[in-house]
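Should a chain be cited, it is by its letter among A, B, C and D, assigned in written order, with residues numbered from 1 in that chain.
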């Protein structure tokens, strides 16, 4: 079987200027910091980042924003990272950040739809609001819904708690958030994980992300220290 | 001010029934959990992936893998469950949350809600709010009746909508209102205020319930 | 907290002639036999059954079919139960079974969509086939998809392996199949389970179906004996 | 007949690469797993909820909670995972299955497939087949070349479609064919048959590959 265990630097080697990257987690809880750190070091620019939020300064996606690597951020909430507003409003085109806001449930479902081979889904969320602009409204059973389309990425950076050498992964607590859907919706999936175990060590009933989705496993992820 | 918020949270808490699945927004709504009658146990849903959220984690005992939707370290109760975001919003949109309590910038007589964006100001994003108000069986807005004297309860929202026709109830320091097909009905008035005062503080016609009661602290 | 533990007879008391019922499992593996048995004893008729298949004679949904209680069966595959064909082709209107066939992935996703508050979804499955008849075809990104609508039921009969007193449930092995989606898509959800444990006994990371979906818990379910 | 099926299964097995995620249909396709080269390990997906399915369970050692899509008791390999049906078909439709091997009633030159219904006969249902052939990256049809002398590889299917334009490859006892935009290309011919024989047994024009090879047992 192919070895998937590598260093963070090796794992992210394919990320280029302009790549689109899904990043798991919610306010950086469930974000693989070691992979983010490697990406900061690499310095790839003009990235499109798909993440629930902008992390916070100094954590998660926040580090990429601070380092000026993000051109477009697709997220549901950016309020805990004041740097986002600064960069959205800057006149300097090199520093300018485009921010596309998506309702959180719609964001999760769009990522899932991509991974699940669906062409889209009908959601009641956003009907009658600016979120509906440019979208088809479809009536089913007398109720209006927005047609929302799938969302994919070149890479996904996930954060696992326990991962076996095949890539089967468990997530602890609320670190699960966006990670499992993102595993299915990107061309190349990297898991930064806290613990690497042998194949067979995880009960097949408790695996959350199948190793078939995982291209690279990077150990050494730590719960973020308060 | 603290007293007014406690008053609002206390009143909202009475709307929650034993066994209800409830999602509480950040800020004032979060406080509602502190005012539940002791025979009422609700199940808190946190949209980042918890069913059965418990109180904030004690300092020094935080599990950094467990946060609430406000990025605070929390605990979970016995019988809790963690899930991913697609599952979480399936629960929310699917009508499996009995009530959500949120703040608002504006609410109008149609039950339209604006609570996520002020054009020209810093945009923080809608997060899970748009899904929550569309999906929850009951949407309770808890807020101060006016914003520095400006009306927040209106004929028509002037700020961009979070969602249309979703608000069921509004609880402020002045009273308790229900949104009906006919408009906003005042069900309870707090004794600190007169009918004229609450009407003046409201930007749309208030229908006075024939069964108007005093709002209790 | 409300007590949810009851007998099978009590749990199914609300099922009436004409009720629609989702039944978990795949070829009866993951079907709650004790609940089916109680329903056979009760004898409610003209049922609409939503299940992956027709079970086999003497197991799962097969028992309800043998007993003439099913008016309409919505399933993906009925080949392992020859009685279905007999009853589909009978001239006796009292015995007649209507069978609506749905691709398995579409069936699962329609149930999920109902539980998740979606108005429908776009699937490539069935495009250009008789499954597409009467359905909207929507093109997204140059590809045709069928618009499939949510599927709900009055009741769901699920089969758990371990269930706590709140209703949180784990499923062992392939008994998981349709059970978790069905938990979310019916008005009244009954879990027939092998083992009832105290609240707190199941790791919150490993719960598959939340107790919030469960209205009734019936113990005494056994793995079917070969 | 047994030899012919073994021949087909042996040849199909060569199409599978180490690490591939594969879903094998009931019957002949299931046998493919027995003919893999020893350095090729594939990961079997079973649509009822297994990734990493192992061999059939030994008699007396069955776990009745673990079956395959044909309702047979099976085992799972180390590193397996169980999931629900929505997840399973998300994997299938989402293009995460590298190959599916299925039988067919008819295949036509467009890659259209008919394998689930014969009008007027007992209908067993499409099960997961419609999703599988639409979703899998590579669709391999393994079947006997004709049905009691009747053509199964046609200009146009006459039976209702399972799916349109999905078949990539057809492996029969007579040869190996690929479906291309130009039509069906014969890539390998089994030495037991002549070109004329396979052409006669085929209901549409066979494009003979300039690189035609013998099909090995």
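Assume a contact is a pair of C-beta atoms (placed from the backbone, for glycine too) under 8 Å apart; a residue touches a chain by one contact, two chains touch by 3 or more.
Being a predicted model, the structure only gives us computed values, none of them experimental.
S.K.: Which chains does subunit A share as contact partners with subunit D?
M.R.: Where subunit A and subunit D share a partner, that partner set is C.
S.K.: I want to compare two interfaces, A-B and B-C. Which one has more contacting C-beta pairs?
M.R.: Counting C-beta pairs in contact for A-B and B-C gives the edge to A-B.
S.K.: For subunit A and subunit C, let me know how many angstrom lie between their CA-based centres, rounded off.
M.R.: One centre to the other, that is 33 Å.
S.K.: Return the distance between the CA-based centres of subunit A and subunit B, expressed in whole Å.
M.R.: 29
S.K.: Where the CA atoms of subunit B average out and where those of subunit C average out, how many Å apart are those spots?
M.R.: Inter-chain centre distance comes to 35 Å.
S.K.: For subunit B versus subunit D, what separation do you get between their C-alpha means, in angstrom?
M.R.: Roughly 55 Å, centre to centre.
S.K.: Which subunit B residues sit where two or more other chains touch them?
M.R.: If we look for residues of subunit B contacting two or more partner chains, we find 76, 82-83, 86, 89, 92-93, 134-135.
S.K.: Can you list the residues of subunit A that touch 2 or more other chains?
M.R.: Residue numbers touching two or more other chains: 109, 112, 116-118, 123-124, 171-173, 204-205.
S.K.: Does the chain-touch network form a line, ring, star, complete graph or other?
M.R.: Topology of the interface graph: other, matching no listed pattern.
S.K.: Each pair of chains that touch: what are they?
M.R.: Touch list across chains, by label: A-B, A-C, A-D, B-C, C-D.
S.K.: Tell me, which parts of subunit D touch subunit C in their complex?
M.R.: 46-50, 62-67, 69, 71, 73, 82-86, 88-89, 92-93, 112, 122-131, 134-135, 160-164
S.K.: So in the complex, which bits of subunit A are touching subunit D?
M.R.: Result: residues 1-2, 112, 114-118, 164, 166, 168, 184, 199-200, 204-205, 207, 210-213 of subunit A touch subunit D.
S.K.: For subunit B, which residues count as touching subunit C in their complex?
M.R.: So the residues of subunit B in touch with subunit C come to 18-19, 21, 41, 43, 51-52, 76, 78-83, 86, 89-96, 134-135.
S.K.: Quick one: in the complex, what on subunit C touches subunit A?
M.R.: 109, 113, 116-124, 138, 140-141, 143, 145, 147, 149, 170-173, 204-206
S.K.: Spell out the residues on subunit C that touch subunit D in their complex, using ranges where they run on.
M.R.: Within the complex, subunit C contacts subunit D at residues 26-27, 29-30, 52-53, 56, 75-80, 82, 85, 88, 99, 101, 103-109, 111-112, 123-131, 161, 171-181, 208, 223-226.
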